[in-house]
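Structures for review follow.
Each of the two complexes below includes chain A, the first together with chain B, the second together with chain C.
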Partner chain A sequence: MKLPECAAALVDLALKAGDPYSAAAVHVIAAGKARRKLEELMFSKRRDALALARWEHTPASVLEALCGASDEAIVVRLDKNQNTPAQAISRLYVTESLSSKNSLSLTVLVAQHRHASLAVLRNIAQFENDEASLLAVSKNLASNSEVLSMLLSRFESNSILEALQKNISEHPSTSPQLLEQLYDKGDVYVKAAVIGHANCSQRLIDQAVQEESVLIQRQLAADRRLSNDVISRLSLHQDKSVRCAVASNLTAPKDVIKSLATDDSDVVRRVVASRSDLTAHSINSLMNDPDVWVRQKLARNSIVPYRVLAKLSQDLQADVRRGVARNAKCSVKLLRVLAKDEDYWVRSAVAYQRRTPKQLLVDLVEDTAVDVLSGVANNPNTPQKLLKKLTVSKEADVRRGVILNQSATRLTLLPLLEDAYYLHRLMLVANTKLKDKDKWHLCFDPDFQVRFAAFRYFANSFIKSGS
Partner chain B sequence: MSTILVIAEHRRNELRPVTFELISAAQGLKKSADDKVLVAVVGSQAETFTAALSVSGVDEILKIPAPVSEFDPDVYEAAVSALIEAKQPSVVLLPHSVDSLGYAATLASKAGYGFATDVFIVEYQGSDLVATRGGYNQKVNVEVDFPGKSIVVMTIRASVFKPLEGSSSPAVSSFDLPTVQSRSQNKDFVEQGGGNDIDITTVDFIMSIGRGIGEETNVEQFRELAETAGATLCCSRPIADAGWLPKSRQVGQSGKVVGSCKLYVALGISGSIQHMAGMKHVPTIVAVNTDPSASIFTIAKYGIVADIFDFEEELNSQLAA
Partner chain C sequence: MKILVAVKQVAALDEDFEIRADEKDVDEDFLLYDLNEWDDFSLEEAMKIKEAGTTEVEVVVVSVGPDRVDESLRKCLAKGADRAIRVWDDSIEGSDAIAIGRILAAIAKKEAPDMIFAGVQSSDQAYASTGISTAAYLNWPHAAVVADLQYQPGNKSAVVRRELEGGLLQEVEINCPAVLTIQLGINKPRYASLRGIKQAAAKPIEEVTLADIGLSGSDVGVGNSMSHVRRMYIPAKGRAEMIEGTIAEQAAKLIQIMNEFKGV
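Here is the complex of A and B:
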């Protein structure tokens, strides 16, 4: 069968296929009578309509079309489906509020929906009394500072105030003014969240320095606006979680980091070992650290010089050697040694490493461990000849590695269009190396998800080309 | 007197642990001292298993020598059908395993026996045999009874019944396999790749990471957290596909079903159908996700709407305290 030349021809084919998923895929490009026929095909059986209302891949236009349904089970699914578009959610909210059976649980679903409009959220914040719905608004990322502020002022002494304060103190849209208000009135958890908030004012940061709570000190210690004096003081804090926060603070001065590199606590030294501003002195002390996690983190740190990586590549712990093999700056010389490591997980790290040269990958393809072979299949340096060999591996994971390989050419990928595992055919629908004529037959695949993906792909191509 | 028949499962000359769990389940079904637990073992090497099967709770062992040593659906169906015919047991217990899936339903359906799969509670309520299994994606427990059925076949979920301790001296006899034309052939065994990594189907506490961890460099801190908490670190498919954790740690439809897990902490995992296929049965699921509408919350016992990095930091400081 030939590739259709226009959108109408594709819709026609989906109608002929008689399958609700293929119909859903092309719904957005259909108009008039054809669109109605598609809807009949998708919704005439309640089971199909229910499945589409819930399915995570159902296109927005189909969910919108379902929105007029009077079936409550469908409405619940639409409210829950995160792809339901904003307009449909607003419409559902209005219908539900007017309904005599006004269901609170549906309002909660709307209040937490990512496509809920500001108008809907404002309305819930202002007029609803149900706690779960109000809390959902306070957590919804679509809420803005005005809605959040409205919620707070509405419930100054209500039982949900505490929960609202916690949610709002963590909401990314909370304004600096609202954060100040929360800091003054909130408990220690709210205060700590305010200090950790990206919109927290310098004034509050300065004020928080006087606080005794470890929770607040920990948030403070990670703040990049602290003066060197305060950081130095916090680096001596008796609680290691505060010192850990200092160790992760990118603005911490060198001498502070140098002393934290020999901190009593393993967990503090582990954080230090990942820093990109370590001095040679700190690196030398960390490379001999008794804690394996410290050495492992150092091994992955791309600022570590060859001499140190060479030593760590001989560590008795395989995790440390793997760290070296995954290091973005690991030299080919070390990769050659690690490719022969007795531990398959170390060899796998070499196989996935972008610096591993062709010849080493050719050697690694003789390995028997599936993780190593998957790495070779995934690696953009692997020669096409070898990739072709791997497309017939009996391990699905290895064949999938070839599909995920960004350097795999069209010729290499072609045989995988017939792969026995439907996931692989599904993944190839979006592959840009393959031509439309290669993928076309996937519209008639035995698996409904593959058919859906293929029809959707062609529908989107028509949208893009405007035909 | 009634007989409870257990079909032993073995692979590559080793009895699978679930066999002993079935014996324990069978023991719990004895209504009187006269009732007998009969364990049948099929295969060319059936003889070699008798010593290992002489454990508490077993009254008789039946060897069924067969031309093949490994599982074959046609051979097992013929052997078990003939055995049921001959012994007329009231209950037949098979493991809920890939082997049993190959013949149990056919066997029960052909002879019209009562049948229930993936059973995790089996008991007599008065004189009625009742099996409990999950329904609606394990959201509800369903009790199944078998009115009018004198023989009931059940496949039993692994890691639910605790094997009995101690040994016994059961009678051992042989049973002849009827003539059977097998349609399949065992060519060779292919070991799952992944080297000598831990078998995640046998562990009881799992922390699992998903795409929410963002970058490969973040994997280490969750490995560290899992180690401190005494958990095994597993993952969703994108993490294994990227080579950030071994394939043997992938949970789900194309990964592994974590059959023995009792506590599963899902970190930054959305809860796709394919992932849930490997863990939805776990009795206690804790999910941490920033998105309150993530599907994982529909099966979680405890849902935490939070950033996994905050969770990790907080849990680490609690564990260190």
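Here is the complex of A and C:
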């Protein structure tokens, strides 16, 4: 069958296929009578309509078309489906509000939907009294500072107020002014959340320095606006979680970090070992650390010099040697040694490493461990000849590695269009190395998800080209 | 040499569902059908024997169910099964696992296999008794929850490892022919190749009636089963509490709960 030359021809093919999922894929490019026919195909059987209303890949236009359904089971699924577009959510809310059987659970679903419009969220915040719905609005990332402020202003002393304060203190849209209000009225958890908030004002940071709560100090210690004096003081805090936060603070002075590199707590030293501003002194101290995780994190750190990586590459713990093999700056010399490591998990890291040269990959392809072969298959330095060999591997993970390989050419990928694993065929639909004529047969694949992805790919192509 | 593999098309539940008006099952509109997961492993075990042996082995899959079951049988054919049989009669509706075992035993008498494989249980009903009841009707030995199988076609016995509680394995020598119920993880089931799927679409599925295997409506169905469903329902929700508060507060509450359980 030939590639269709226009959107209408593609829609016609989807209709002839008689498959609701193929119909859903092309619905957005169909118009008039053809669109109605597609909807008939998709929605005439209740089980198909229910399945599409719930499916996470159902396109927004299909969910919008389903929005007029009177079947409550479908409405619940539309309210829950994160792809349901804003307009449909608004319509569902209005219909629900006007219904005599007003259902609180449906309002909650609308209140927590990521596509709920500001108008709907404002309406719920202002007029609904159901606690679950109001709390859902306070957690919804689509709410803005105005809606959040409106919610708080409705309650002065109510059991819901405390819960709202907590949700709003962590909401990314909460304004600095609202955070100040919350800090003044909230408990220690609210205060800590406010101090950790990206919109927290300098005034509150300065005020929080006087607080004694560990929770607040922990949030404060990670703030980049702190003075060196405060950071130094917090680095001596008796609670390790506060010292950890200091160790993660990018503005912490070098002498503080040097001191934390020998901290009593493993957890603190692990954070230090990942920093990009370590001094030679700290690196020397950390490379001999008794904690495996500290040495592993140091081994992954790209600022670590060759001599340290060479020592860590001989560590008794395989996880540390693997860390060296995964280090973005690991030398080819070390990779050659690690490619012969007794532990397959270390060799696998070499196989995935972008600095591993072709010849080493040629050697590694003889390995028997699936994880090593998957790494070779993924590596863009692997010669095409080897990639072609790996496309017939019995292991799906290895074949998938070839599909994910950015350097795999069209000729290498072509046999994988017939792969037994449906997910591999589905992944190839979006592959830019393959031509449309290579992918066309996937529209008639035995798996409905592959058919959907292929029809959708061609529908999007027509949208892009405007034909 | 012939291996009969009993398979079932099971119903998986969608997230939200409705119970049927007669309260005996879930409304069919909310069910998604697929081959029982355990049966995928049974078929693979049969295919391994077929592909490994020097003796010619025929793998026959059989299922009891209406037309829609053909889709699952075709999946088995696409994976390499030689033949597929589907038994159905409206009077079978509502049969319990024992009555289904009676039907499968009748098929076995007609097919005369050397071994019968079935899944340990079906994911939708979980009676775990279809394979065992088939063995009982045939008066054959059986081994349940088989996690490993050593069997050469033509041998008079097989060695199976059965999975028991607490990570124990029990090695059993069993006379053949036998019925084995196969456990998940015994092998790595294959995906059907596209070529296999195309070929399977053209293969016939033998439709067998009760009369073809010497049974009648009086041997099957709700009325002739030893058990029947009285009602299906969603029980009242148990004790569960959403932990609310800021992230730090939720973590603190969680630690408190864990400490309380540990008696700290």
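As a working rule, the second predicted complex is superposed on the first by the 467 of 467 C-alpha atoms of A that agree within 3 Å, B and C clash if a C-alpha of one lies under 4 Å from a C-alpha of the other, contacts with A are read in each partner's own complex, and residues count from 1 in each chain.
Just so it is clear, a residue touches a chain if its C-beta (ideal position, glycine included) is under 8 Å from a C-beta of that chain, and two chains touch if they have at least 3 such contacts.
Note that the structure is predicted; figures quoted are calculated from it, not measured.
After lining both complexes up on chain A, report clash or fit for chain B versus chain C.
clash
Where does A:Val190 make contact in the superposed view: on chain B (first), on chain C (second), on both, or on neither?
second
Could you look at A:Ser348 and tell me whether it touches chain B, chain C, both or neither (first, second, both, neither)?
So A:Ser348 only meets chain B here.
On the superposed three-chain arrangement, identify whether chain B or chain C touches more chain A residues.
If we count touched residues of chain A for both partners, the winner is B.
What is the contact status of A:Leu148 with respect to chain B (first) and chain C (second): first, second, both, or neither?
The answer is neither, since A:Leu148 touches no partner chain.
Report for A:Asp371: first if it touches chain B alone, second if chain C alone, otherwise both or neither.
A:Asp371: touches chain B, not chain C.
Using the touch definition from the top, say if A:Gln82 reaches chain B (first), chain C (second), both or neither.
first
Taking the superposition as given, does A:Lys240 touch the first partner, chain B, the second, chain C, both, or neither?
A:Lys240: touches chain B, not chain C.
After superposing on chain A, check 94-102, 166-174, 202-210 or 220-228 and name the one in chain B that bumps into chain C.
It is 94-102; the other listed stretches have no clashes.
Quick check on my understanding: which residues of chain A belong to both its chain B contact set and its chain C contact set?
Chain A residues touching both partners: 80, 396, 421.
Which bits of chain A are touching chain B when the two form their complex?
56, 80, 82, 112-114, 136, 139, 218, 240-241, 267, 270, 274, 293, 296-297, 300, 326, 343-345, 348-349, 351-352, 368-371, 373-375, 378, 394-397, 400-401, 404, 421, 423
For chain C, which residues are in contact with chain A within the complex?
14-16, 18, 28-32, 190-197, 244-249, 252
For the complex, which residues does chain B have touching chain A?
190, 192-197, 216-217, 220, 224, 240-243, 246-248, 254, 272, 291-293, 295, 305, 313, 316-317, 320
Which residues, counting only chain A, touch chain C once they are in their complex?
Spelled out, the residues of chain A in touch with chain C are 46-47, 50-51, 54, 73, 76-77, 80, 163, 166, 169-170, 189-190, 192-193, 215, 396, 418, 420-422, 445-446.
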